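Here the chain labels run A, B and C in written order, and each chain numbers its own residues starting at 1.
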Amino acid sequence: MQRSVPLTICLVMGIVMMVQFFSPHPFSRGLLETVNTWVRLISGFALALGAGSLILHHTTKIRRKQPGWGYSIVTLSALAATAAIGWAAGPTMMDNKQLLINVIYSNIQVPLGASMFSILAFYIASASYRAFRARNKEATILLLAAFLVMLGTVPLGKVVWDGFPKWSRYLLEIPNLAAKRGIIFGVALGTIATSLKIILGIERGWLGGGK
Amino acid sequence: MAEKKSLWQALAGIDRRIVYLTLLVVLVVPLILSLGLSVKPMKDVSQRVRQVFEQVDSLQYSGMPLMISVDFDPASKGELQPMLYALLRHAAARNVPVLVLGLWPNGVGLAKTALEDVGREYGRQNGVDWVFLGYKAGIDAVILGMGENIARVFPSDAMGSRLDQHPLMQRVRRLADVGFVVSLSAGTPGYLDWLLYAQSRYRVRMATGTTAVQAADAYPYVGTGQLRGIVAGMKGAAEYEILNQQAGFRQASTPAIDAMDAQSFAQFAIVLLVVIGNVGFFVAGRRRK
Amino acid sequence: MQLSSSLWVWVGAILTFGIFSFLLKDNPFYKFCEHLFVGVSLGYTMTIVTWSTLWPDLFKRLFASPTSEVSIGAKLLLLVPLALGILYFFAFVPKVSWLMRIPMSFVLGWSAGVIIPSIIQTSVLTQAQYTVLKPGWMLQDLPRQMGEAWNHLAHVKGFNSVSDALLSFLWAIGPPTVFIGAVAAVIYFFFSREQKGLLKPVSGTGIIFLMVGFGASFGYTVMARMSLLIDRLQFLLRDWLGVIR
């Protein structure tokens, strides 16, 4: 039952939603609306699962005094404080920029989030310099294409040579398009195969371990 | 005694901190000097950005609203926030109503700020000129739900007011009533979800503004017309700002245009570093043989 | 230069430097900022999800007064997602953690079912249609395009016009190039058979197209990363230091 019930639900839902796509009947559209509503609400609860896992991980770290447990206190305190402040703000929290939750968002979350990804610029510069070698024909083609796109996309590339943006545009709209289209076909066929396997219960990895 | 490094070996093995410092200098100096070297070369805006601009522009004749899906968070705000502002200013200047929502929970704060800023610049009114739907969990279920009935998905706007109280929503019931959708996309969920569920099922006209990382992947959809144009990265945002300038629209700031000199110099610096690294590597390798 | 007098701008600047300090090496300041980010980010997400989805669409409707527009039937229907959502929490109770599979199976079945027809339409049929049909449409326009390309070639003067002539020829044969490239790229990923005979050169062509595609992606990725750093530098130079307008 622990596996057969979920597999049956998965099978029924999968077939119903596939069939629904082809039916314009009002019952079918009503079913779609209802099921979509349920999925939206269930997705909201799924977040609680993620939060719970994180809280469990960090509390375990603190309890066992594992290396770096002090930082776990930072995470849990920040989580608790932000959530409490946000919940206290109420359903109209987006309306008022001065609310503490919005101040925390604009002045703590935004700078931290933006900075996290901005340091990648340094790493990509260093990694490109260190690792990007034209060792063979394929790597050379990749390198040349990258150079043309990099120099063709920026405005000053046009100042250096008029041809950079033209070649960049050609590369993007013809060979790049062809390659990405091939990848899209492959990914689409793979997605269809995997989805069918999930619906039919052939792919059971999502059930996890246990009985 | 350690072997003395040849010049070529040194070229192939520059300390990473020097690389970081070089990059910093190459970016900071043009930002401070504000040379404006990039403005003239950008006058010839790319066809794909122009396509998006023309689609949004045409909405002034139909009266149909523009829907912007803010599918990014603060990590990608550098590229996509300028696009959001440029789109909102364009819509405001042409009196095109705007519906804004987000599929990423951490992005709606940025969307709200942009709506308020542009609303103040152009004297736009909530409920008439714009409606901020906010965030709703469910990603694809949200898009599919809006295809049937927007008010079922968003019974109230992000500030808690009932959707049916807004004059704009009297004539916008489902996605088919929206003139054009632009997904400002940093990953998943993003433009692909809009393509799969809104464009394929409900024949929604759409385009995307993406981070440059994803831009190359979107071209097959542009080639088929499923996406009516693409605004790619900060350069795309700068081109949209240029188009706004050329059309005479008021713009309080143009952060993307201001960044283009720094962007250009950085790209040249990276190319030079890669060339130096390769030259050093191959010459040193040949000498070792 | 005019330093900001706003406390929050200073907080933003200090946190930015905290993250940037990782460039020198891992350090307690960076770790603090990283953990703070995780906590604040998740806390904010929980808040947004609660007030945007769970409260207005579930709990508010469930506990609405009997005289409201929410019917008894609608309330009963809402018990289904409520029950399924609560089952997620059983993941933390080892003896009955299998109950978590029920809401997962609902959502997974739903998403697998909706994606199949949509992805066939979007990523298979439409893409295949344009790949195959465009070379056909191109045939009507071929004489004009080849004429244009020939004009360029015939009046070549200097490197720029060689480049333009070559480009205009390549654009003219664009649609069949896309057809060949897309088919070759798909064949490259066909690993069920040994790639020999006719498959080998086709697969080799596919690799060339793929390398150009990856090169284009890399070029764009570099631009993307630089843009994010430029945004942070603009904040520091403009909002914090007041060095730029």
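The definition used in the following text is that a residue touches a chain if its C-beta (ideal position, glycine included) is under 8 Å from a C-beta of that chain, and two chains touch if they have at least 3 such contacts.
Only a predicted model underlies this, so the values are computations on that prediction, with no experimental measurement involved.
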Which neighbours does chain A have in common with chain B? C
Farthest chain from chain A, comparing Cα centres? B
Central chain of the complex, centres being mean CA coordinates: C
Count the C-beta pairs in contact for B-C and for A-C, then report the pair with the higher count. A-C
Whole-Å gap between the CA centroids of chain A and chain B: 17
Averaged-CA centre spacing for the pair chain C and chain B, given as whole angstrom: 12
Approximate Å spacing (C-alpha centroids) for the pair chain A, chain C: 7
Multi-partner residues of chain B (each touching 2 or more other chains): 20, 23, 75-78, 106, 108, 134, 136-138, 141, 144, 158, 160, 201, 212, 216-217, 220, 223, 232-233, 235, 263, 266-267, 270
Listed in rising order, chain A residues that touch 2 or more other chains are 21, 37, 39-41, 43-44, 47, 91, 105-106, 109-114, 116-118, 121-122, 124, 128, 143, 147, 149-150, 153-154, 172-173, 176-177, 180-181, 183-184
Junction residues of chain C, two or more chains touched: 23, 41, 44-45, 48-49, 53-54, 56-57, 110-111, 114-115, 118-119, 122-123, 127, 178, 213, 216-217, 220-223, 226, 228-229, 231-232
Okay, in this complex, where on chain B does chain C touch? 17, 20, 23, 27-28, 31-32, 34, 75-79, 81, 105-106, 108, 134-138, 140-141, 144, 155-156, 158, 160, 195-197, 199-201, 211-213, 215-217, 220, 223-224, 226, 232-235, 255, 258-259, 262-263, 266-267, 270
Can you tell me which positions in chain C touch chain B when the two form their complex? 23-24, 41, 44-45, 48-49, 52-54, 56-57, 110-111, 114-115, 118-119, 121-123, 126-127, 129-130, 178, 213, 216-217, 220-224, 226-234, 237, 243-245
Using the touch definition up top, name the residues of chain B that touch chain A in the complex. 14, 16, 19-20, 23, 37-39, 41-42, 44, 46, 73-78, 106, 108-110, 112-113, 116, 132, 134, 136-139, 141-142, 144-145, 148-149, 152-153, 158-160, 201, 212, 216-217, 219-220, 223, 232-233, 235, 238, 260-261, 263-271, 273-274, 276-278, 281
Touch list for chain A against partner chain B, complex: 21, 29, 32-33, 36-37, 39-41, 43-44, 47, 91-92, 94-95, 97, 102, 105-106, 109-114, 116-118, 121-122, 124-126, 128-130, 132-134, 143, 147, 149-151, 153-159, 169, 172-173, 176-177, 180-181, 183-184
Going by the contact rule at the top, pick out the chain C residues touching chain A in the complex. 8-9, 11-13, 15-16, 18-20, 22-23, 31-51, 53-58, 77-78, 80-82, 84-86, 88-89, 91-92, 97-98, 100-120, 122-124, 127-128, 131, 160, 163-164, 167, 170-171, 174, 177-186, 188-189, 206-223, 225-226, 228-229, 231-232, 235
